[in-house]
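Think of it as A, B and C in the order they're written, each chain with its own count starting at 1.
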Amino acid sequence: MTILKGQDVLSVAQFDKALIGDVFGRARQMRQMVETEGRSDLLKPFVLALIFYEPSTRTASSFIAAMQRLGGGVIPITGGVQFSSVSKGETLGDTMRVLEQYADVIVMRHPEKGAAEQAAAAATVPVINAGDGVGEHPTQALLDLFTIEEELGRIDGLNVAMIGDLRFGRTVHSLTRLLSLYDVNLRFVSPEILRLPLTLMNGVRDAGLNVRECHDVAEVIASADVLYVTRVQKERFSDLAQYDEVKNYYRITPDLMAQAQEKMIVMHPLPRVGEIEPTIDSDPRAAYFRQVRNGMFIRMSLLASVLGATV
Amino acid sequence: MTILKGQDVLSVAQFDKALIGDVFGRARQMRQMVETEGRSDLLKPFVLALIFYEPSTRTASSFIAAMQRLGGGVIPITGGVQFSSVSKGETLGDTMRVLEQYADVIVMRHPEKGAAEQAAAAATVPVINAGDGVGEHPTQALLDLFTIEEELGRIDGLNVAMIGDLRFGRTVHSLTRLLSLYDVNLRFVSPEILRLPLTLMNGVRDAGLNVRECHDVAEVIASADVLYVTRVQKERFSDLAQYDEVKNYYRITPDLMAQAQEKMIVMHPLPRVGEIEPTIDSDPRAAYFRQVRNGMFIRMSLLASVLGATV
Amino acid sequence: MTILKGQDVLSVAQFDKALIGDVFGRARQMRQMVETEGRSDLLKPFVLALIFYEPSTRTASSFIAAMQRLGGGVIPITGGVQFSSVSKGETLGDTMRVLEQYADVIVMRHPEKGAAEQAAAAATVPVINAGDGVGEHPTQALLDLFTIEEELGRIDGLNVAMIGDLRFGRTVHSLTRLLSLYDVNLRFVSPEILRLPLTLMNGVRDAGLNVRECHDVAEVIASADVLYVTRVQKERFSDLAQYDEVKNYYRITPDLMAQAQEKMIVMHPLPRVGEIEPTIDSDPRAAYFRQVRNGMFIRMSLLASVLGATV
């Protein structure tokens, strides 16, 4: 019934349009349930082990909320360095094989790329990757894509502009990969030193998408259906004068929003630190907090799917 | 139905006698439920986000227990410095707007005065202040007042003696404000340098209460219905000889208790460090652990009220 | 009905064969329930306070899972040094008397021997010792013994070999004490400086058991029904040459396993760091992960018992 039953969720590469449609459909059911009943007993028979090797309040909270909204139990292991077994030199594989004795599904965040795959190889229960360093963060990419579809009613045909640090921004990379499955126009707006990596750029070009790069948000604001904003970090610049020169191109202001379409959305993976002025929060096009809420629905959908529970 | 439905709980200043009566009535229902059934499903549809920017095991445990006893879900964020989003520079308002996407009510402790109001202004879900620095700690004041009424059957007409550090003791300040709504006689017993601040003293005088200050517990012990004891910290004294001289006036001993009424109570916000001798714990007049338990009932009452759930 | 109702679980010394049989029978019911339903509502009316004064991810997770599988609430206090009340100088007794206002049972880990007894003396609700320093860790010993009985169908008549650090290994000491109630043959395999303490050795001899000590696993491997492996820590040796000389006697390899019986088991309290080669994990005789799972069942059994809940 559910395609993902018993599967791991490790990478956006696992997802095709059919599977995405399945996950999104279930996420809408979850929203419906939360808005009418608050919580259900769908996952009451199950326990989730949440192990975060690096802190991430937001993602941990989202998964805990997701499991709690579905009536499941949660073992929260979020103390970072305080994992005694880990500090005693236990391998990741052993830790997974221990946790699966207690729990029916494992959600893991880890600072090292590839750790999620390694964990999944050791565990017999489903492992959901909640971010592995510069690697993947598939649930974030899914919630981003879900937000676009929920807010604008479709994905095909949209103009999506990614803004800010496109070089190191993991969420940009994962979302870009997912968008390559659709017929969208991509605009990449960044300082020269923070341009999208070549392999990703070649990927979207190979997928036949209409792609353009530029340095200034002003060039894309009028046509954008989606502005996906990320932080441009001062630390990335060796020449601070260069940073001061460009930083204003990547700050979303009311003046800039005045040039945007009436029906478009501003997204941000959060936390933000000045990239979007707070006055914009009351603009109905500001979708970033609704995006956060969609994260909970997507995670509810994925948890139910890998555990084989149907609404 | 419930006056507090959808409201924040930020300050004792919000509470008048009618509202206090409402909260206390519901707290009694909670005690009744816990003593007969242990836990109920009253708040099953809801999720609480508990975010503590400074550690407080006791208060966090009390709120977690309260929500669990009512069947609700809890997202515990108590890692102190480990809030990754916060450490990345996220504003308090953004953190609140994120948490309310996951949860139906937020309980927050923060080291800075005014933080609770700021949080409540940003959040659309109810925010309960679990202490904001030298500011307020309204649930503590309510549980203190509730304990007096539960133990002695009334509040009006009582002689209440506050003892110890009346200058910096936040619980003393909040309880004093609440007691000003009633017809009580207040006795403030402290070393000279730890007297109740002038503004508070003027407040209770303006409220028409019978007030007296003194330095020695012996002066109030015989007439007191309530001894509210707090810690006198050595660190407050620049002259340690002065501390050594006065410290015994603020230590509750069996000898002192022998001079007290048969029907009176000793309270303490805990933790205690020597202010009350452990031998007194078995005295039926020692109410401080029952006071702790009342805290759970008061928090159950408040959570149910702000979430609009009626027993 | 349940012998342990309202009792503390502090030491293996509390357990005789009848009580062990009772705990194991209930643990089997728990396994049955988990394998068919996942979770039950048996302990729904109850709340567990889990307070860990030193980190232990594995044990904490096991108890949290146990309580969640039985539908109970959990107050997790696992932040180690972050206990604000404790850091403010509160006594262990006061902390217990506070926690019992919120919770129906307390599970505690503490770095100091004797802390569990002290806690239990203060608390009126049952206290379960989850390890007190070099003292006791009774639930570990019970799950070890349970694993032997589950895997091999009996305890009497078995050849049990304990391997590694028998001097400091708390789990070895506790299991040895429990095994003294049965008719087993014990083999103690360790480097000279890590031999079983004399008092324990005298205890098992007084109990009339057949006992032998040696230095090399090869001497016991062929006859062993149970190999209970623990870590030999390099730090224990002042002379590293001595460590290098002996270390291979205490490493379980496929070659060694080839000499073992077909029906025997390898156990380890975990975490392991090289004592058992990972290639052995797929050997059906490798019981250490099943042993972990048994820990959850034993803790479910104990929680249900002390809370007086019967399946």
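In the analysis below, contacts are C-beta pairs under 8 Å (C-beta built on N, C-alpha and C of every residue); 3 or more make two chains touch, one makes a residue touch a chain.
From a predicted model like this one, the values you see are computed outputs, not experimental measurements.
*Asks:* For the sequence-identical pair chain A and chain B, what is the superposition rotation angle on Cα atoms, to the nearest 5 degrees?
*Replies:* For the C-alpha superposition of chain A onto chain B, the angle is 120 degrees.
*Asks:* Does the chain B and chain C pair touch with the same residues on each side or with different residues, judged by whether over half of the numbers are shared?
*Replies:* different
*Asks:* Distance between chain B and chain C based on Cα centroids, please, to the nearest Å.
*Replies:* 40
*Asks:* If I count partner chains per residue in chain C, which residues reach a count of at least 2?
*Replies:* 76, 79
*Asks:* Okay, in this complex, where on chain B does chain A touch?
*Replies:* 44-47, 49, 73-77, 79, 82-86, 88-91, 93-94, 97-99, 101-104
*Asks:* Could you pull out which chain B residues touch chain C in their complex?
*Replies:* Touch residues, chain B against chain C: 37-39, 54-58, 61-62, 64-65, 68-69, 76, 78-80, 270-273, 278, 281, 289-290, 292-293, 295-296.
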